[in-house]
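Only one structure is covered here, and it is reproduced in the block below.
Chain nomenclature is as follows: A, B, C and D, assigned in order of appearance, with residue numbering initiated at 1 for each chain independently.
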Amino acid sequence: MTRHEKLSMAQALNRALRDALSDDPTVVVFGEDVGPLGGVFRVTDGLTAEFGEDRCFDTPLAESGIVGVAVGMAMNGMRPVVEMQFDAFAYPAFEQIVSHVAKMRNRTRGRVALPMVIRIPYAGGIGGVEHHCDSSEAYYAHTPGLHVVAPSTPADAYAMLREAIASPDPVVFLEPKKLYWSKEEVELGPRPPAIGRAVVRREGTDATLIAYGPSVPVALEAAEVADREGRSLQVVDLRSIVPFDDETVCAAVRSTGRAVVVAEASGFASVSSEIVARVTERCFHSLAAPIRRVTGFDIPYPPPKYEHLHLPGVDRVLDAVDDLQWEDS
Amino acid sequence: MTRHEKLSMAQALNRALRDALSDDPTVVVFGEDVGPLGGVFRVTDGLTAEFGEDRCFDTPLAESGIVGVAVGMAMNGMRPVVEMQFDAFAYPAFEQIVSHVAKMRNRTRGRVALPMVIRIPYAGGIGGVEHHCDSSEAYYAHTPGLHVVAPSTPADAYAMLREAIASPDPVVFLEPKKLYWSKEEVELGPRPPAIGRAVVRREGTDATLIAYGPSVPVALEAAEVADREGRSLQVVDLRSIVPFDDETVCAAVRSTGRAVVVAEASGFASVSSEIVARVTERCFHSLAAPIRRVTGFDIPYPPPKYEHLHLPGVDRVLDAVDDLQWEDS
Amino acid sequence: MTGDADHLLPSDTPVTLIDAHGHPVADAGRALPDDAALRRALASLITARRLNDQAYALVRQGRLAVYPSSHGQEACQIAAAQVLDEGDWLFPTYRDTAAVVERGVDPVEALTLLKGDWHCGWDPYEHRVAPHATPLATQLPHAVGVAHAARLRGEPTVVMALCGDGGTSEGDFHEALNFAAVLKAPVVFLIQNNEYAISVPLARQTAAPSLAHKGVGYGLPGERVDGNDVAALLSVLGNAVIRARAGEGPQLIEAHTYRMQAHTNADDATRYRAAADVEAWTGRDPIVRLSAYLSIDETAFRAEAERVAEHVRDGLNRDIEPDPAQLFASVYSSPTPQLREQAAQLADELDREVAAR
Amino acid sequence: MTGDADHLLPSDTPVTLIDAHGHPVADAGRALPDDAALRRALASLITARRLNDQAYALVRQGRLAVYPSSHGQEACQIAAAQVLDEGDWLFPTYRDTAAVVERGVDPVEALTLLKGDWHCGWDPYEHRVAPHATPLATQLPHAVGVAHAARLRGEPTVVMALCGDGGTSEGDFHEALNFAAVLKAPVVFLIQNNEYAISVPLARQTAAPSLAHKGVGYGLPGERVDGNDVAALLSVLGNAVIRARAGEGPQLIEAHTYRMQAHTNADDATRYRAAADVEAWTGRDPIVRLSAYLSIDETAFRAEAERVAEHVRDGLNRDIEPDPAQLFASVYSSPTPQLREQAAQLADELDREVAAR
């Protein structure tokens, strides 16, 4: 039976964890401060109280240990969902993620699956100080063997986290921090899969904005403004970076002939580079102009006072759209 | 005074370290097995004997510690050159590299520079077992604050390592393992800078092959074969991934109107994605066909028996060249 | 390898020289620092407390982005800085602003990053204070590197490396202590065990008899000290610095103290600990204890503390206009072509914005 | 926290029950395993030695890509496997092929990856042997996870986690031991201290009194054992397994042994150690010692050892044709569209190649 509730993204994620813990006794949640505190973003709020310390527990402060222990638990019949407290604090676990999480299935010829989820509150826009706002998706997306996803709405957050927990593959689950408090009506029942499926969030005919996670609302707002200025922009929300939904993205771009990729991460050797490269490879002759990227600069994430200068904003997106060679040349 | 000597790439690197240790008392070399053993690839052969244990020493087996200690030594007046034994064994140092090596200068407003070099024997083609053949350049290239370079010849190896050691910025120095034993005449005196400067290795008029590190010889060989088949291919060797030499690369691509990027790393969200994206952005109207990529597959690096299937080879490069829409459409 | 490890193990209980009531501890086996040193410490403690509370207030007023306070831990902060010579180095964490300031850094500079600027504020070479580290324990190998570099050059530098109880669980803690021991680097590792890592109590962090017991596994001596007794801290840390300077290698010191406030202003400590637990520690306050011992009324030092507080208020109330060009200026020694392009793009955007106004 | 750490510290010297001459040690304070158990161990030691030497030879013949031999360390290998019950788990490193085989894995399967195939060869669930780990110490947190999962489900599983002396310096060693102690996970950590990490001798790896002294820093008991005395190993490891199974938590055991050969065939040990150093250890050989004690001529067990060697030769001399499709088959539970595309591209290339022949 499908229920609906108005939830923030943080609440939707919390609900997904609760429902997964209820439905499947092999699900366990652990990490730093996920117990009595409920996580610094309260995504695990109440889980220890409701399910007990064996199902949701605080660990020693060591990210490589957290991920490594999750690997072992997943090898032995559990479905661990671990939280990295902030994006940059997942880096100590990098070796475990790249050399084990991503490779275990392959190096055991499929015999050892790792059904585990690494939740990472990620990206910026919340006035956080250094190390608390990194957009680290490229590191994971470049690593074969991981699924990498980023919801942009509470409804997707709920459904995709359920799907990630149920997945036989390890999933890096990127939670856009600045969207934790965004609210919407959330459907709590089964839904068609979202991992590997991009979705057109807004129809439009003149150009396509391609975004994911925290950049989707920016793209939508830009489309709104453009609409008032007489330009019709389509918005595609990737939802899933790996696997990548070439079909939906390419169909969208072919329908308009122009595209702009919007992402917070530094642009160099990033997911947005990949999107430009693969869409260009596939849709070259449908393109009236080169695909433009609006990304963070190639600098360390700047602190609160400066982040508005760094983050892709509506104006910068519209500038890029204006650059798509609309005049005959 | 400029001297010449016939050296393998490993010998050229060894010579660069020796000359740097001789010329600059602040240079120190350390890592795992770099002392009496001379490194598993003998790049540090004889350095401890010649310069003493204070200048070249073995450390405990801990990569994060090695890079972290190097950070401290660089803060305090030294120029550390550290070796990560193999590409995948640099991952434990990822947090130190991303959160400190790359950011120290910026977060101290330029007051603390980190003149240090992280040498990484990298990539495949040597029949190595798992974890010994990763092409990890994308992880570093995506991280603002690092210089990332990869020589493809002994002469460049010597000159670029000297330059990297002299650089006030931290340099990730990627040494293509399979080229360690390639030999050529090496000029041991001062040369124009190579970091940030791509070089045209072979002139050609029909299409441009863009490669770096271990893929340069593949590109050159492909050009040789193509030449016999009547097609003239230009080969650009990036040498430096960050900074990127847009000028040389774009001039080359504009001159031919077609391009193929060749790289061993998995293609998704990689340096080759970036090359396609940025060259397309800049040269769209000079392109007669979309830029093609010939890269490793999006799989964990395969073991010896399978690597020939995975690595970009001459045939695959020529297939990609054939795909560059030579017929009128 | 030898099985003899006794000299590396800490004492069974933390070293205390002045108890919570301000009485000297009999048979402590160590001399008390002289009164002049203790008066100097008291003055600094009072200023540090004022700094902590002023900074905390400035967060509420929106002048600081975040402030991890060392309220209650000031004895560790002050002792860690006071035992160092001018040529020594201090490696602080985000919670160690008071130690940074005691070392000579201007408090306004010390708060630069926490205010929301893009750099640490001070010049690390001026007072030999590293930029504070947030990724836990990552500063410890840096401290070892600075010490080792100094030793290679024959300089008498000692490095004081600070770390929290939570930080001891990280791999970098392990690697740093091991490197220090093998290299015989002159580093004093000071753990401020304030019983919590955000919400996680010590018992979930470690099952060790004490954190100082971690020393023996690296072959370096561990010691435990009352972290609210500045006299004991000055003695134990001072001694460790002397030994390190004399070439006896690194040491590990665990100061037992307590985090009196929430982790930062953003934290809600009522979710994971009882008010009574916190109350219990007010009786062990380092300032109360020392002023009782010295029979000095705190008010004697209030003027200086207020001067610092005012300086901080003034400094932080001054708005610094963000300078966009700075975003690109220090990423490399000179900007890459890519960064020059991006800086130009931003400058152009901002120009157009101004023009459109 | 308590200062009482004595019960966590190892003995001053490694536990030995049978000395290098095959004589039982008086006053060892522990019972010798019975003769049946020792005979069983001897048989396995001899087979393990043969396996090591056969595999080494196969590298020279180009049938294996690389082989890190445990020649000389067989006592550790055999004891680690023999003390386990069927439901227990073994976590090996790249050097622990003999232990993997002793646990029941077919030796040809055990050498799959070292031969140059793309997977570990055996089914980890069949004999409860994890795929061997090459990135040092990374397997240790996995071992803790497997043990903790078993404990949560109320299963009596114990996990034996192997690690080298060099591996103890990695952050993951630290994190794993700490997690195990805090979670009270039933893991026995066995360090095979063979005095070298490739070329780096123990003295450059650690300044600790012994590696077993690392236990106390996590609150878990450390013990030292003669790594060439299978009787002592069976006793000490067997005891540790019993205690772990009884819920007493994890333990750390350092077996002192020696790497008799080069790190792998690719290594040249003459560059960093003297032949005489190696010679000194031949006198402590685990097989010589045990057969002397049991007064059994090794030849009694040669047949089985030769049978295994022959099986290995046969298995590895059979060429397995690489199957390109397999490259993409197990990266995910089902290939992504991207991988399907790439697999098709490769298949197409190979088809065209065949057609062109």
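Following the convention adopted for this analysis, a residue touches a chain if its C-beta (ideal position, glycine included) is under 8 Å from a C-beta of that chain, and two chains touch if they have at least 3 such contacts.
Protein names from UniProt, one per chain: A, B = 3-methyl-2-oxobutanoate dehydrogenase (2-methylpropanoyl-transferring); C, D = 2-oxoisovalerate dehydrogenase subunit alpha.
Everything numeric here is computed off the predicted structure, so don't read it as measured data.
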Interface with more contacting C-beta pairs, comparing B-D to A-D: A-D
Mean-CA-position distance for chain D and chain B (Å): 36
Where chain C and chain D are represented by their mean Cα positions, the distance between them in whole Å: 42
Chain B and chain C, separation of their C-alpha mean positions in angstrom: 39
Interface hub residues of chain A, defined as touching at least two other chains: 59-60, 62, 64-65, 88, 91-92, 95, 99, 106-107, 130-131, 144-145, 242, 244, 268, 297-300
Junction residues of chain D, two or more chains touched: 113, 118, 135, 169-172, 174-175, 178, 182, 204-206, 331, 336, 338
Chain contact graph, described as a line, ring, star, complete graph or other shape: complete
Contact set on chain B toward chain A in their complex: 64, 88, 91-92, 94-95, 98-99, 102-103, 106-107, 130-131, 138-139, 141-142, 144-145, 241-242, 244, 265-266, 268-274, 276-278, 280-281, 284-285, 289-293, 297-300, 329
Chain D partner contacts - residues on chain C that touch it in the complex: 1-5, 8-13, 169-175, 178, 181-182, 184, 202, 204-210, 213-220, 224, 249
Chain C residues touching chain B - in the complex, by the definition given at the top: 89, 113, 118-120, 123-125, 130-131, 133, 135, 138, 140-150, 152-153, 171-172, 174-176, 178-179, 182, 326, 329-333, 336-338
In the complex, chain C residues that touch chain A: 65-66, 113-114, 116-118, 134-136, 166-167, 169-172, 197-200, 204-206, 266-268, 271-272, 320, 322, 324, 327-328, 331, 336, 338-339, 342, 346, 349, 353
Chain C-touching residues of chain B, taken from the complex the two chains share: 28, 54, 59-60, 62, 64-65, 67-78, 80, 92, 95-96, 99-100, 104-113, 144-145, 147, 167-169, 196, 242-247
